[in-house]
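Two complexes follow with subunit A in common, the first pairing it with subunit B and the second with subunit C.
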Partner chain A sequence: MKKFLAKRLGSGSLAVLFSIIFNFVIIRLAPGDPATLLVGKDNPNPEMIAMIREQYGLDKSMFEQLGAYFNQLFHLDLGYSYANSRDVWDMIVERLGPTLMIALTGTLIAVLIGTFIGVYAARKKGTFIDQAICSISYLFDSTPSFWLGLMLILLFSSILGLFPTSGMYNLRGNYTGFAHIMDVIQHMFLPVLTLVLLNIPYYFRIARSSVLQVMSEDFIMTLRATGMSEKKIFNKYVLRNAIIPTITVFGINLAYMVTGVSMIEITFAWPGMGRLMLDSITKRDYPVISGIYLVLSISVAIGMIIVDIVYATIDPRIRIEE
Partner chain B sequence: MKKLTAFALSCFMFLALTACGGNNGGNSGGNKTAKDGGTYIIAQQGEPASMNPDTVSDDYLYPIAQNMFNRLVKLNNNYEVLPDLATSWESSDDALTHTFHLNEKAKWWDGEAVTSEDVKYTFDTIVEKNYANKSVFANVKEIEAKDDLTLIFHMSAPDASFLSNVAWYGTFIMPQHVLDGQDWQKSDFNQNPVGSGPFKLSKWNKGTDLRLVKNAEYWGDVAHLDEIVYTVIPDANTAYQAWLNNEVDEIPSALIPTSEIASMQENGDYNWVNQEWPSPYYMTFNLNEGPFKDVKVRKAIAMGVDRNEVSEKAFSGYKPANDYFITKIFTSSLNDNAKQPSYDPEGAMKLLEEAGYKKNKDGYYFETKLTIFEGFEDAANVLVADLEKIGVKCTLSVVDYNVWQENAWKNQEFELTMVAGFQGPDVLGAGRRWTTDGVINVNFYSNEKVDTLYKEALAAATQEEVDAKMKDIQAILAEDLPLILLVNYTDVCAYKSNVQGHPMYTDEQGGSRAKAGFNEMTYVWLDN
Partner chain C sequence: MHNALEVNNLKKHYIQKKVVKKDGKTTSKQLVKAVDGVSFTLKQGEILGVIGESGCGKSTLGRLLISLEKPTEGDITLNGTDVHALLKQDRLKYRRMSQIIFQNPFDTFDPRHTVKKIMMSVLKLHHIGESEEEQLKICCDTLNEAGLQPAENYLDRYPFELSGGQLQRISILRSMLLNPIFLVADEPISMLDVSIRADIIRMLQQLTKEHNTAMVFISHDIATTRYISDRVAVMYLGKIVEIGTTDDILHSPSHPYTQALISNCASLDPLEERDVIKLEGEPPTPIDTGPGCYFAPRCVHACERCFKEYPDVRTKKNGVKVACFLVNDESGLETEKEV
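Showing the complex of A and B:
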């Protein structure tokens, strides 16, 4: 297990390193100059543009800039945002919480419901219910998040008046303590619902197909031949084997969680990291973009390691293959 | 012996007028008395980058800054210059010296007096550090703080737009006693500012809300509202719904769907203002290569584009067609003999044939491309259809602003493009768009005569002289046709009917145009 962990940590660090370099280069290759954007559309002042470029080292070669960036990281410094005059670390930290709030809540609920429906549909394979659930799942699977979000706003906020349209808390309320928590939960409802509806089909399909696949395997037939009850076969042997792909997908999904919720964050004016990332890309705020990618790649790497450990715990075969 | 320049004169006249208005009408429409208190929530699509409005242009900070800081003088929604820190000002006969007298009561939030040294420090720093609106001071030789309340600008050349530019953008006065010796771009001031304005920053929750509270010790008129909250709602549809649901009190007028305006105007729930800005939407040509090198072809395009159709189809008629080469707002500068060509598709095709083009087998004289960044799609589609009618096959290419800026503007990789934007507080602002070294001269148009006339206009001492030069420039633009102005940007603004004293309201609506800057909320109150 130690060797296994060390190997995973090594490959994880390598992946993080590559992703830093890749993102560093790719964002600088995109058209658009941060200094020009910073100065503004209406009053471009060439002297100021030159000054900003010099001040932030944008006039140096990409290689030198990358060197300076690694030097910074070595000193545990994510850099300084030129567009916001603030430390990148502070900006990311304040946005990470809100993003995790909706991303984790939404994904976990989606995993539970999606898997449950998937397993249910698999057991009812071919029936009307199975087909109905499949069709609905395709419908939500092909719905753009901003559209669904807006429809939910129209329905739940504008027509029914049940939930606020946007934001993280009531701006007139000045609530504290428990009232504040309830207020935030109320504001979380629609973004989380959007995320849940969009993610259910994903986990639904994986659960359904993996249950069907496991059920068609030879050992299940053998178990049936022994006269074991269907209930026991399903709960003890089918489910345990069928759950593994869901865990894999959940791990991979950690990578998309922040980018995946960014449109939802925009629709619901949720102050999360996805929104910060899109803002920073439009402003070509390189240090913030690199900082976010760094945090993302590290968390994905950690997520994958955890998934691997969970795997190895559930399924000893994987450990042996290593 | 000193004489008032045209500008100062018009300002004083204006002040006299508003003083009368104030005596007659009180401070609100319908003889209502202003009520104090309340929280007013304004949604913006983005968040300011810092709390210093002078370092870089920041359209999300500009409205907020007008409530936290003061300028020497300020612009209102009629583009008039109002006193702010300066109570009065005068200019020498040769327009080479401008003297401003500051309000002796003016105080920073921390109780220190605002002096002419603060003003000098601010402007000197803007120039020295190349901050955003350095160009305002291009003709200033020296700024002299004669005594605490007297500030003198010594000009190297007369500058007719100096006063309105000082009153406009990126010229808010900063406290020397707080900022001296600090780098403005890295100062803690950017998070915890000290201003002199009617509202103070109380809390800034990044990504959600920025809260200002009333400055009860304000040296000028104390605000009615207890609190202004600026919140960020990036999505236009969400912002509109949040506004309809009373979660926010005000949204940018551009977010109100034009299709909804007519039905909204039928019920009496809103106060309406039509505000025309000096911000024309225009189309420009690549002058150096491709078909539009030939002025005949440019003229044909100008004749083939139906500006009224653009106004009707793309903007439901809310943004009126513009027939002149400068925005039609500045009426005294318009040259009636140098209007843009009127719509004439037949004539356009004749011109194209004169220019040597023949229709190919598909019925087109030539093919071209209109490259725009997001936001111009509706107008661009009308243009494409118009060009089709005169036998020019035009494809539309919509790109990200950054891509447009790099490829179309910087590298001149375009044939046709579109631009808009606020041109400046007075007619001279348009010069940025068509003088050789104009900072937003998108197609690099260059005509020595235009440059000379524009310099003369800038140096003019009276508005009549400015008008004359601008008319001459329009005559040249009519010959060269470097750009075609399409429509004039007009905001159809709606405010909740309980909102009173808004700086956008007209005098008849009980607005505070006469006393407040563009987005200054001092006189706003809520009638519940």
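Showing the complex of A and C:
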């Protein structure tokens, strides 16, 4: 186990290292220059551009810049945003919380509901209910997130007036304590609902197909032949085997969660990481982009290690080599 | 004394929805006659080999015999009692009476359970053995007796850590733990290495003899079937075309299909001169079989009558039952209308 952990940590750090270099290089290869963007289009002053370049070290070669960046990281410093004149780390921490709030809540609810419906549909395979659920799931599966978000705003905010259209809390409210929490939950509702509706089909299909697959396995027939009741076979054998793909997919999805909600964040003006990332890309704010990718790649690496460990404990075929 | 198993006019028809026919038209429903009127009896401790080509309904018959599927028609009597009634009355008791061994030992067990868990779950389900220690002892003893020694080495292993032969042995042992009076072996050796097939066959023979268990041995391997079976039934398109003692069927086959089947069986002697009967025509499908003998389109002896009506079952002097008009015409044997 220790050896496995060390091995995975090693390969994980290597992956993080490569992703830092890759992201660092690729964003600089993209057309566009932060200095010109900072100065503005109307009256570009060449001297000022050169000054900014020198100040941020953009005039040096890419190799030197990379070296400087690693030196910075070594001192646990993610750098300084060009566009916002703030510490990158502070900006990320500020945005990470709100993103995780809607991403985690939405994904968890979607996993639970999706899996539940999937198992139900698998049991009713071929019936009208099954076909109806499948059709609805395809409908939501092919819906763009921003469109669904807008439709929900139209319905719940404009027509019914139940929930606020955007933001994370009421700026004029000045609520504190419990009232503040309720206010945030009210603001969270629509983005989370959008995420849930879009993710349910995903988990629904995995649950449905893996339940059906396990039910068609030979060993289920064997259990029937030994005289076990259908209920026990289903609860004890089918479900436990069918849940493995859901866990895998959930683990992989954790990695994409932050980027996946960015469209929703923009639709609902939610102050999250996804929005920060897109803003920074348009402004060519290199330190912020690199910082975000660093945090993301570390979380992906950790997520994968956790999935591996969970996987090995539920499926003996994937044993961790001693 | 009752027969271990009596099967009377057993049928299983599947309804296939939306089938595209050869001419491009679609029909909304089609009947697939997987098993179409099978009847036979099995004495206690007797072994019946069922042979036939792929898709002739052997495996469906096997699943029907132990009630893993509901027959469309016909009834099965186990030890003098109707199976349907037995199932309704006490499912577990019925399952203790009839068991099955599947073809693929790698898929027979839950991949996440150890051998111990697999065997113990059967004992627990059927309340065999009073305490957990006793149940564990039963498991160990069974494994040891079957040559899986030392048993402790096997108990904590997972199915994927064992070979096909070991798994099939465990599959057989687990079925025999319940001491059934009737066992279906659905191609139990076709997935195994040739080198261990004999061992598995010997084990099956020995165990069924010890427990006086009747067995239906489904196979497409004629040589193995001959080795293990007391009687042999030849199936073609869901029907038994010929049934009788192993020697009678294999040495003097009466039905043209059996003759073709056996003539194609490989011999160990390369110098032996034999006339191999080649079957012409398309492989059969159990759909739209028509009124005549199912085998008629491929049969070399087929006459006009064969296409018009299905031959009744005739019993030869040696007890072999054949469904073919020729048997009567050539040898002038007595005819028997009922099955």
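The rule is short, and it goes like this: the second predicted complex is superposed on the first by the 319 of 322 C-alpha atoms of A that agree within 3 Å, B and C clash if a C-alpha of one lies under 4 Å from a C-alpha of the other, contacts with A are read in each partner's own complex, and residues count from 1 in each chain.
Definition applied: contacts are C-beta pairs under 8 Å (C-beta built on N, C-alpha and C of every residue); 3 or more make two chains touch, one makes a residue touch a chain.
Because the structure is predicted, anything quoted here is derived from the model rather than measured.
A.B. asks: Aligned on subunit A, subunit B and subunit C: do they clash or fit?
C.D. replies: Superposition check on subunit A shows subunit B and subunit C fit without a clash.
A.B. asks: Using the superposition described at the top, determine whether subunit B or subunit C touches more residues of subunit A.
C.D. replies: Of subunit B and subunit C, more residues of subunit A lie in contact with B.
A.B. asks: Pick one for A:Leu150: touches subunit B only (first), subunit C only (second), both, or neither.
C.D. replies: Only subunit B; A:Leu150 stays clear of subunit C.
A.B. asks: Scan A:Asp315 for contacts with subunit B and subunit C and give back first, second, both or neither.
C.D. replies: second
A.B. asks: Quick check for you: in the superposed arrangement, does A:Leu100 touch first (subunit B), second (subunit C), both or neither?
C.D. replies: neither
A.B. asks: Angle at subunit A, subunit B to subunit C, CA centres, as a multiple of 10°?
C.D. replies: 150
A.B. asks: Of the two partner chains, subunit B (first) and subunit C (second), which one does A:Tyr237 touch, if any: first, second, both, or neither?
C.D. replies: After superposition on chain A, A:Tyr237 lies in contact with subunit C alone.
A.B. asks: State whether A:Phe219 touches subunit B only (first), subunit C only (second), both chains, or neither.
C.D. replies: second
A.B. asks: In the overlaid three-chain picture, which partner chain does A:Ile306 touch, first (subunit B) or second (subunit C), both, or neither?
C.D. replies: neither
A.B. asks: Once both structures are aligned on chain A, how many angstrom separate the closest C-alpha atoms of subunit B and subunit C?
C.D. replies: So the smallest C-alpha to C-alpha spacing between these two chains is 45 Å.
A.B. asks: Identify the residues of subunit A that lie in both the subunit B contact region and the subunit C contact region.
C.D. replies: In the superposed arrangement, which is not itself an observed complex, subunit A uses no residue for both subunit B and subunit C.
A.B. asks: Taking the complex as given, what residues does subunit B use to touch subunit A?
C.D. replies: 39, 41, 46, 49-50, 56-59, 129-135, 169-170, 185-186, 190-191, 205-209, 229, 231-235, 237-239, 241-242, 244-245, 247-248, 400-403, 405-407, 421-422, 439-440
A.B. asks: What part of subunit C is in contact with subunit A in the complex they form?
C.D. replies: The touching residues are 63, 66, 68, 91-92, 94-96, 99-100, 102, 104, 107-112, 114, 121-122, 125-126, 158, 160, 171, 174, 178.
A.B. asks: Considering only the defined contacts, which subunit A positions touch subunit C in the complex?
C.D. replies: 217-219, 221-229, 237, 240-241, 314-317
A.B. asks: Please output the residues of subunit A touching subunit B within their complex, sorted ascending.
C.D. replies: It is residues 30-33, 36-48, 51, 55, 80, 83-86, 91, 94-95, 98, 146, 149-150, 153-154, 157-158, 161, 164-169, 171-172, 266-269, 271-272, 275-276, 279, 282, 284 of subunit A that touch subunit B.
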